[in-house]
Amino acid sequence: MIDPAIADHEYAGQPRRNEDTKGPDGPAFVSSFLRGDSLAGLQEKTQGIIGRSVPRHDAYQAVAGALQYTEDLRFPGMLHCRILRARYPHALILRVDTSRALDVPGVAAVITSRDVPHNRLGPMQQQHVLADERVRYLGDPVAAVAAETPETALEAAHLIEVEYRELPAVFDPEEALKPGAPILHGASNLFQRQNVRHGNVEKGFVESDLIVEESFRTPFLEHAAIEPQVALALPSGDGVIVYSPSSKPFSIQREVARALAIRQNRVRVIGTASGGGFGGKNEPILEPTLAILALKTGRPVRGLFTREEEFVASTVRHPFIMNYRSGVSRSGRILARHIRLIADTGAYPAMDSKTGGKTALVKGAMMAAGPYRIDNVLVEAIAVYTNQPVASNMRGPGVPQVCFACESHTETIARRLGMDSLEFRLLNAYQEGDVTPFGDTLFSVGLKQTMRQAAAAFGWAKEAGR
Amino acid sequence: MKISFTVNGRSQELEIRPERTLLEVLRDDLGLTGTKHGCDSGECGACTVLIDGEPANSCLVLTPAVRGRHVLTIEGLAEDGKLHPLQQAFIDHGALQCGFCGSGMILSAKALLDRNPSPSRAEVRRGLAGNLCRCSGYQQIVDAVMDAADRLREVR
Amino acid sequence: MKKRGRGVGVMWYPTHPVGSNPSSAFAKINSDGSMVVMAGAKDVGQGSTTVLAQVAAACLGVPLDWVSMVTGDTGLTPYDGGSTGSRVTYIASRAVELAVAQAKKPLLLVASEHLGVPVEDLESGDGRIWVRSDPSRSIGIPAVAAECYSKKATVPVGAASYAAPGLTPPDPETGQGRSYPSYIYATHMAEVEVDTETGEVEVLRFVAAHDSGTIINPLLAKGQIRGGVSMGIGMALTEQILFQEGRPLNPNFMDYVIPTAMDVPDIEVILCDTPDPTSAFGVKAVGEASVVPTAPAIINAIYDAVGVRIYDLPATPEKILHALKTALASSEQQAASGK
Amino acid sequence: MRPFEYLIPASVDEAITMRQEHGDCSRFIAGGTELVVAMKAGKLRVDYLVELSRLTTLRYLKLTDGGLTIGPLTTHAEIARSPLLRGPWLALAEASASIREPQVQNLGTIGGNIAFAVPSADTAPPLLTFDAMLALQGPRGTRTVPISEFFLAPYRSVLGPAEMLVEIHLPGTGSHFGSAFCKVGRHHGLGLSVVSVAASLELEAGTIVRARVAMGVAAPTPRRVVEAESLLLGEKPDSSLFREAGRLVSQAATPRAGSIRGSPEYKREVLPVLAERALGLAAARASAHAERGSR
């Protein structure tokens, strides 16, 4: 049976898919079997496949400039989407008038929240495809235009009239928790709490010979993939095909289907070559809008962020405010560690499906005490809303932040104790069979090997004690 | 306006609006999508092409400015279907991950090696300073360029 | 004056995101013994498609160029949780391994008939299936695959789904539960040079040692680790989105400064494989962890060089210079009051 | 980008006539590295662009009467590589080589860098220390302006409507002359300037007989610091003297508050350092040139 989606798609002039099907060795691939070679020569080719440094499957296409990324796909009649975003970081939307934009020659459609069948996204259903009543940060999408050229789409987007009532906004997570702060969702700006309790930190501090306390901060960071957010949707039979470089095509499929209020079998998401992800292409911040425009116009629609939009409207890394307090014995054992974390999640929870946007704080809290045996650990972590970009998953969500604090703090303690940095860490480092503050028993622990091998390669001991 | 120039050795005569950048014309009119669109303001280098042998950000070049000139894009680098030594070295060293910076990176490297066939690693890094890569940490790119330099010197 | 210093940062990181997160794959062996694997996992540059092809080839016992991959297409491939949380190699490898094992069953049955031994006594590799106790008795995979199509009722296909078993989300009050199946570890060491008069920092040398379990493809793993270190250098020294009332002031690469080829030194990567018994081939994870301990290694090296600690990232020249002035002022004050 | 007409003049005269005809809504374009970005961002409304890049008569570097004349269409890359700039005018080559990446160095021109009057124009401080003279040609003929009088404000210069920069002249130097350019940039002294200093010194029998110090991104326009120059004059090169000169440079600075690239406090902190380094290098180079000259 021919998949109707594929058939349609080929009819629409399907470009060549990325060349996955050519096999890992690219076009040089001519099976030795097909050449009539005997199986005898295969031993060398099959042994040690695990552990072998072979180039990426698409390396040949990439260096030849032949690898097709989403923006390289061309379809006849393709329209270009431009999204109008909030004028204020926090405001009520009183009225949206798209009539002047629709009058611009070359504009095929302009949509607002009224055109979205199910206008809620993500596991928490807190984000919208297009804002209906309220915007909570400057990246909030309010309306979208599909037009013959990107320039026309931009021009039309500027002509959409939106009447707002500006609301007070808050930009600092500590301010956001104070009484009287503008509230973004529900009754409080507190989005999430994650604690870790192990042993008795107060007892641990009493037993300590030295107590060190320090505070740390990290800023908002951008994934900064060289390819911006991009996707393309085209109508197909009674559904839609979406080309997306997303790291999570199945999550995109689910969100697009739900936004369109159709079953998932009518949405096909074709993963295209990605120009860099790092967690920045996890969320459906473009695809549902494009799918709605494609169905409304009956034509393929491409969306592409400008570099500026990447910073305004794509997800970012959570800033953390971190307080570390540790007690150690004179001999260098860490006896107690009390950590308080405040993460700024921005205007909405992230849309990662498994935890409902809570991944960064959960991981940050769990990893916060570092890979050290500490009998008494207390981590108190919260994530807070502010009127800033949505913080989501970026390469190791939450953990580079806490590792920066933990390892800086650990260094301070080693120096206060007069111990070598590495020796202090080795003394406390996890090894086989240790139990984490959250109750996991560890196995295959190569931590000390990494420390020793790094030290040997770096020449750590040679210069120690200068 | 009517613009004639050469792209990858083939002459082109196009009727275009002057506000179209070389990047747009290469990608949209000539279908040469190997040249990438990353920041649109000359900061990332993904759109690097060689104009008369010198690397330039094609997003900053208005198309009329290249009339009569020779433009080389990544699609024109392989000869008779055989990869340029730089391209082969990029494959062998795992220099690219997502690959999006690759076209510009390879062309910058070509201009560098054309001018300086035996660069130091520091010179390679300086020569590639205008090509941002977020995946690789650059080292395997530098390895590839040094290796390609060796291969090219052997050919000479 | 320029001063040098050395710093270390160590880390642990889970091989898996929070909560259950399955991968799945289809495998079909063609009548010539080659194979197509359809996996939901999406390669976003990290190399998962290549790595999964290596896993599939090893499981069937055929050369890599006999395996083709179709990935990340909801119309053609079964579900995958996505390229997040460093999970793909750890989870999807197992799904591929199971799918290939299932597809291989009909081949083993045919081989068992020809070789006259039970399926359990067979092994595959080098494009062949042989008798474990007597490897000289063997039959080519292409031949048995062809026979599955020409003479048997069952063609060789497999489908499998895998999720790390027994995971429960952490209790929000205590963190207790079983959030992650296993962990990876790393140590980063940096040598920096600080210009004490301008606050500028140059990273001169970097070593990154990672326990990422069994490494399927060292070339790709090293590349990914170097990329993570590069991102970590940006985090340590230059990167931050500056906001004024919610509006980014530096929404471009001119002022959001990510490292260039001149800002990243050569990075010596050491792979300390500690195989993980819970995964296919003992793999763990590589992706995210490579960025984790970079910033503190650099910040600690700055401290080692000039004796000031930067508490809020990034450690811009301006912050370092300010910290140096403050430290100088307070030490002068101490000296004065000590007299 | 908004549509515009692209005009191709055959000569400087014709280029000027074109600008005259189209008035305020027209601009000259050379390398385009600043202009195209501004136009894309909608920061600049242009209806007519007058192309300069093909006026090859304006693209040269040549020695004349001991001085150096530079055609404004010479690119940063050409200046950075020119053997004519290895000697007394090395600071200019250093500045050009420090301008961002190779791609921009190949497109951008020295004329554009000066005429666009960006506060961070890297070629300006060295030219200020060379007492460069700028030849400006307009509808009413040609005039010559010292570069110290050229910049009026950020993005504003003495260039009148339809007037263009047609030549940069660096006067000849004595044989004991050295110069240097130092900056804090985004990438180890390269890339976009946070703050910069150029210095040039001429020595006679070990005494400073001519001193110029100029700073970039430290005031609304690139400018000389005469107070520091007077201090140096008649003195022997010496690190404490240079430190004192650096202090005066810092005192003279009026950096813009609110810049995300560097606070006024930071710039004032590093200006003395950059000045001291540039002066030290310039002095060393002046002595080295002197030695070479005497051989």
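So that you can tell them apart, the chains are marked A, B, C and D in the order they are listed, and the count of residues begins at 1 in each.
What we mean here is this: a residue touches a chain if its C-beta (ideal position, glycine included) is under 8 Å from a C-beta of that chain, and two chains touch if they have at least 3 such contacts.
The model shown is predicted, which means the values in this text are computed figures rather than measured ones.
No other two chains have as many C-beta pairs in contact as A-C. Distance between chain centres (mean CA atoms), chain A to chain B: 30 Å. For the pair chain C and chain D, the distance between C-alpha centroids works out to 48 Å. If you average the Cα atoms of chain A and of chain C, the two centres end up 16 Å apart. If you average the CA atoms of chain A and of chain D, the two centres end up 43 Å from each other. Looking at chain A, one finds that residues 53, 55-56, 58, 224, 274-278, 307 touch two or more other chains. Shared contact sites, meaning residues of chain C that touch two or more other chains, fall at 44-45, 47, 219-220, 228, 231, 242, 250, 252-254, 258, 260, 262.
Of all residues in chain B, those that touch two or more other chains are 39-41, 43-44, 94, 97-100, 129-135. Viewed as a network of touching protein chains, the structure does not reduce to a path, ring, star or complete graph. Taken pair by pair, the chains that touch are A-B, A-C, B-C, B-D, C-D.
The part of chain C that touches chain B in the complex is made up of residues 44-47, 219-220, 222-231, 252-254, 258-262, 264, 266-267. Per the touch definition, chain D reaches chain B in the complex via residues 1-6, 8, 29, 32-33, 36-37, 39-41, 49, 51, 53, 77, 100-104, 106-107, 187, 190-191. Within the complex, the chain B residues that touch chain A are 27, 31-41, 43-44, 46, 73-75, 77-78, 83, 87-88, 90-92, 94, 96-103, 106, 132-135.
Looking at the complex, you find that chain B touches chain D at residues 1, 17-19, 21, 40-42, 45, 48, 51, 54-57, 60-62, 64-65, 108, 111-112, 127, 129-131. Against chain C, the residues of chain D that register as touching in their complex are 101, 184, 186-192, 194, 260-263, 266, 269-270, 273-274.
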